[in-house]
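Multiple structures are listed underneath, in structure tokens.
Two complexes, one shared chain (subunit A), two partners (subunit B, subunit C).
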Partner chain A sequence: MVRFKSRYLLCEVCVPDRSSLQLLEDRSIYNTLRAAVKRAHGDYGSALFNIGVIVKYLNAHTGVVLIRSRKKHYRLIWSALSFITCLENRGQMVQCFLNCLHVGGTIRTCQKFLVKYNRQQLHRMLPDCKTDAEKQEVRKAILSCSLSNVRDEEADEDGSDDDDDDDKET
Partner chain B sequence: MSVFMDLNIISSNDKNRLKSIIETAAHLGYSTVAINYVVEPQQKKQEIPKPQSVSDIFDKFPIVQGKSSPIKVLNRLTIIASDKFTNVLFIYFDLVAVYPKTEKLFHAACMTFDVDIICIAVAEKQPFHFKRAPVNGAIDRGVFFETCYAAAIRDTTMRRYTIANAISLMEVCKGKNIIMSSGAERPLELRGPYDIANLGLVFSLSEGDAKAAVSTNCRAVLLHGETRATASGVVYTMKKPKTPQKQEEESPVSKKAKTELS
Partner chain C sequence: MEEPSKFEQYVYKNASVYHYMKISLVLENGNKYITDAQFKQLIICGLKDLYGEVGASFPFDLLKFDQNKLTGILRVYNSGLVKLWSALTLLGTYQNEACAFRVMQVSPFLLALSGNSRELQFGDQLTL
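Moving on, here comes the complex of A and B:
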């Protein structure tokens, strides 16, 4: 049976300060990625980019991006990802780099990985919490990680991520 | 899951910058990093700077992403060799690297010098061609060739030189004994280990070789650096901290040695 196979690249946008992430749009990631592929791989790269690549999901709070590309050419697109140094976001240049977390064949596998990864991040944040209330919140968030109702859960985790981060920074 | 290492982080006097680079490396998943002190000896007897102690930078090292152990930080020395140099005091450094600028020095570095890493030029056109004889001699001895990728991220012209030099090296050494490291001066110039393995494909490495360049070969370099402090890689001495009780004991030296062995 013939099936269109694609690869989903799960990436994280790493910035020195989280506040500049807030207004990120998927269009800016798409345009930056297209410029990077054109610079690195020329006309061939631009052509491959045009046929298969699309930004499927973007989370401005945690900086997680899900990029989809064709199975045959995902390595080419991936190699251009490493050369991105800044994102253009509503006229502002944000210095950042993209770190690829996971390559999956379907959105569902990427979601599963993302839930596991977010749970790990919450674990990493636990020793840095200063008050007991924060610790309770983080523990509750860790226990509530699951794949069913993924969109709501991710919103909850991201909400608590955000709270803890804000509390950490202040 | 293998250990990933980044063996080239340019040292600076700014402690906060070093701190943020090491924190970013721990977040990306690197288990070990090495702080690189670059030295260009102009006269014969120039002083080699003593590296600052690693515990000065951090009280508590950041935990590596995906593991529960803290990140390990080592010291490394790079000597830009434009003339012959003598083997001076290297005991403070865990790794020693040399960056040869001429063909003669490259040949000598591959065959005779007591180093762990040979750096490949990234910011300029390679002034000499790699010959198969010294490269194979270095591979037999266990010396590794290093490519840095931070210059490729900074500037387009550097990117061309880096890729060209890396590909010509891969042609000669067939992908063996290669490590890839960052050479980062700022935390934004670091990249994750899987991204680097993918860059290895651009440098015409095979998939297995590219992943080994970030993990297995780096571990081999560390072991090679450790054997430099030993006698033929078999025996090594360690300074034991003197406890006050032992100082009070007046037992003769021969008896002391026996109790330690048994």
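Moving on, here comes the complex of A and C:
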């Protein structure tokens, strides 16, 4: 009846070469986002960032980030995402941009969207496959995309099963 | 019997797109020489500190500026009034010197700023 409402921003980190994504940490995304919000929205923005925002989930293989913020201020945080040009990762600067895929009210809705999105990405990958073995693997991955696989792993906070399937995503 | 006189009343909720503010800058060590461009730049700096790049880019105009008394009239869109006013309140320093902005009048109509009942001077006719 009365509860804290939040908005989850499902974003994707787009980098020119995938190998630089490997060692990404949620702390570096948090710090970069905080600096971007401070530059774009000043003291007011950094105060709002401090109370409500946290990076809930990060998948270094696919570059999927889940950022939680309060319902009233998610647009402010969303607008600051477009000002991020590079991430600092263990002393190295990685050129990137954050692309927001979906805004959801709960983690489960974001997961459902991610399952559908990954299935679409795999479909798009299928014509690009060179060998038959690759095609078989992609088809198997598409069939195994489902939310029920996710529920078992929810406790581990490892993210959905589907994220591991598109490791050949270009 | 004569007809009753017609009476029509127009009520506007948001009559004006702009809000006008009459403000004055008070410096700790007396008046300095400040041009109108520097005055506007000071306000933009205040907006930038509090609301960042997005806040500092909000358009407002300095319509009149009196260099001797350091007073001016600002015009801002309705959506930016709260941001501008709060930035003026929290602005504390000008070139490492303490200063303060006093907001004397705020009105959605420019004509209202021409008269101020606080500064009204009664003429001789009112005394008997």
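We take it that the second predicted complex is superposed on the first by the 150 of 170 C-alpha atoms of A that agree within 3 Å, B and C clash if a C-alpha of one lies under 4 Å from a C-alpha of the other, contacts with A are read in each partner's own complex, and residues count from 1 in each chain.
In this section, a contact is a pair of C-beta atoms (placed from the backbone, for glycine too) under 8 Å apart; a residue touches a chain by one contact, two chains touch by 3 or more.
Not measured: the values here are computed from a predicted model.
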Fit-or-clash call for subunit B and subunit C when the two complexes are aligned on subunit A: fit
Would you check which partner chain A:Pro16 touches, where first means subunit B only, second means subunit C only, and both and neither mean what they say? first
Applying the document's definition of touch, where does A:Lys38 land relative to subunit B and subunit C: first, second, both, or neither? second
Regarding the shared-chain residue A:Gln120, is it in contact with subunit B (first), subunit C (second), both, or neither? first
Have a look at where A:Ser79 lands relative to subunit B and subunit C in the superposition and call it first, second, both or neither. both
Which partner does A:Asn99 reach: the first (subunit B), the second (subunit C), both, or neither? first
Could you let me know whether more residues of subunit A are touched by subunit B or by subunit C? B
What's the minimum Cα gap, in whole angstrom, linking subunit B and subunit C in the superposed view? 5
Jot down the residues of subunit A that show up as touching in both complexes, subunit B in one and subunit C in the other. 39, 79
Subunit A to subunit B touching residues, read off their complex: 14, 16, 39, 75, 78-79, 81-83, 85, 95-97, 99-101, 120, 124
Sort out for me which residues of subunit A touch subunit C in the complex. 37-45, 79
Residues of subunit B that touch subunit A when the two form their complex: 20, 24, 27-28, 63, 65-66, 152-154, 156, 159, 187-192, 194-196, 198-199, 201-202
Quick check: in the complex, which residue numbers of subunit C touch subunit A? 48-55
